[in-house]
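Structures are listed in the sections that come next.
In the two complexes that follow, subunit A is the common piece, with subunit B as its partner first and subunit C second.
Let's look at the complex of A and B:
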């Protein structure tokens, strides 16, 4: 489960690059590519192990339009997906 | 907000969209980095020729190059040679690439992989380790590598990598000596849990020598290979009217990828040996974004309609054209070339046979009739 006070960091084994504003995330182990949209790319960049999920949600709220509660839930769900895919690790 | 559904790396249709975007914006996502032309095998068909007058890029130069490639949008990095493990700094380079978030593939002949190298490869976590395998027995394989014991060593290497669950590709250049091995090689790869890959392109050497060409499949052999079941049975392809067919896109060197030689020369792709600059003289981005005539010329080829020698060809829909091979054979990237045209004629014959099979005329007279029509 992902909660707002948790911190996560991108998995070292994952390859990624931001190409033209959108990240391509590659998992060599599963041979899967995850193309991220603009907002997801920004969250991916922010997953540096220093910020909490709450911090990340706040930055996304500041930088993109939308209802705060909805954005916060979306951020939590997205981070949950990344965790499930083995793309990030908890701190 | 949603993260897009993950795409298997092998799903070419989906990857195509990503590649197309990179192509349109000229982002070099795919980098083929040759670390050395030195090798411990002496494969009969090999195109690499070491230039003893020139220095290979040093570790420091490669680190700077990887930084530049990452900034330019490079993500899929093939580390290749020659034999990459002849470089004592191979793992320093590979782990630096990993720290720079590249997804790496390692091409090797497997001769220098022991327990400790295999452990380090596991830690590196590459997309795949790709090995050259030319036959299912030592007579054929060692006959092509011209090093006795290379087949045996390769078997040991495959075991070492399998034990560590590393993704393996076994790749075969199909030549006269091993044409009859294809089915067994395919089966062997499956048994070993490895992926297999086959190619019939035997090219002149980097220095222009045509010595390797004598190992190329001749017309009958090529027909046998293309009409065979390996890697898969040819499926009938419907040819659209010429006005549509001519809009078919060609491959796209110097748009979503490039190749770099051990001496720092940048090529539009691994097959197209027309240097567009050297990273020792200018930064990568400056070369890649320059208005060099040869670069704009290559990038201006988008469809078969852009190729004077090919745009009228009634068979272009089936053509397996490579601008690099055209350049090697004729000196002109836009020209038609013998290997390509010969292969296309054969593909046309095979396609007619497949069409006939669909009509229900499996092996009989209709097959022969279709062949005669295709030949005519």
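Let's look at the complex of A and C:
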């Protein structure tokens, strides 16, 4: 379960590149490819193990136009999905 | 007494040697147009031993482990140890190892290390250029190769893409599909790459770089699960989409195909 106080970091075993503002994240172990849109790419970049989920959500709210509550929920859901996929680790 | 054979695919030369003649004869028969006298990049010694019964099964996913310039591949059929720098490779297998499977597996790793890719794609050469038609099973790779048989079909199933002097070349491979082996072992600079889809009419659109990368990643043949190789693939693919125009192509099985493609690129 992801909460706003948690910190997460991208898994070292994952390969990724950003092309034209969109990330392609590849898990060599599962051979799965995760194409990320612009917002998801920004969240992915911010998952450095130093920022909390709340910090990341606030940055997304600053950088993108949208409802704060919706953005916060989407950020939590997305990070939850990344955690389930083994793409990030909790700190 | 050891038998040897050398063959070359996309500028990568393999030498197989073994005291057991059957795999060597198999290569001579099936890879006849790929036989070579070049200095081998990979010197592969095949040894055959019965496998200890409680070992792995063929359901274990193939894994490539790279450590200090050496690589290890373990599958249900063979254990392989190699060195990227010396090119020396030792394969221990039971007698039912498929040489084609081993070659394809090894080639898919080595081509990535050399900055290239092995793709699910047919390819056709026209003079000094080539066109690559990339897609999964049933997408129409063989159909396109058949429609373009008046041209120089490099392969109907598996295309090797390599980078020479910052120019990408498509090469034929012996890993063919329904159309069977091609008559020449050759490559040509890639003019355009098409991600193919069967349709009722012809249409196309230029694919943006990130979508092209995604298409490539879905269609790359890479045996093994390895971070280093995956990073190399991402670097090669991002370089490729910078340099070669990529298109989504919807096509119908019609003799007009070549005229349509020629009009695009």
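Here, the second predicted complex is superposed on the first by the 91 of 91 C-alpha atoms of A that agree within 3 Å, B and C clash if a C-alpha of one lies under 4 Å from a C-alpha of the other, contacts with A are read in each partner's own complex, and residues count from 1 in each chain.
Criterion: a residue touches a chain if its C-beta (ideal position, glycine included) is under 8 Å from a C-beta of that chain, and two chains touch if they have at least 3 such contacts.
Predicted model, so just to flag it, every value in this text is computed and none were measured.
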item	value
Side-by-side fit of subunit B and subunit C on subunit A, or clash	clash
First (subunit B), second (subunit C), both or neither touched by A:13	both
Contacts of A:81 with subunit B and subunit C, given as first, second, both or neither	first
Winner by number of subunit A residues touched, once subunit B and subunit C are compared	B
Partner chain(s) touched by A:31 [first = subunit B, second = subunit C, both, neither]	both
Which superposed partner A:49 touches (first subunit B, second subunit C, both, neither)	neither
Subunit B versus subunit C as contact partner of A:90, first or second or both or neither	neither
Subunit B and subunit C footprints on subunit A, overlapping residues	13-17, 19-20, 24, 26, 28-31, 33, 35
Contacting residues of subunit B [partner subunit A, same complex]	1-4, 6-10, 15, 18, 21-22, 25, 27, 29, 70, 73-76, 98, 101-104, 125-127, 167
Subunit A residues touching subunit B - in the complex, by the definition given at the top	12-17, 19-20, 24, 26-37, 39-40, 71, 74-75, 78, 81-82, 85
Subunit A residues touching subunit C - in the complex, by the definition given at the top	13-17, 19-20, 22, 24, 26, 28-31, 33, 35
Of subunit C, residues touching subunit A in the complex	208-210, 213-214, 217-218, 225-227, 229-231, 233-235, 238, 241
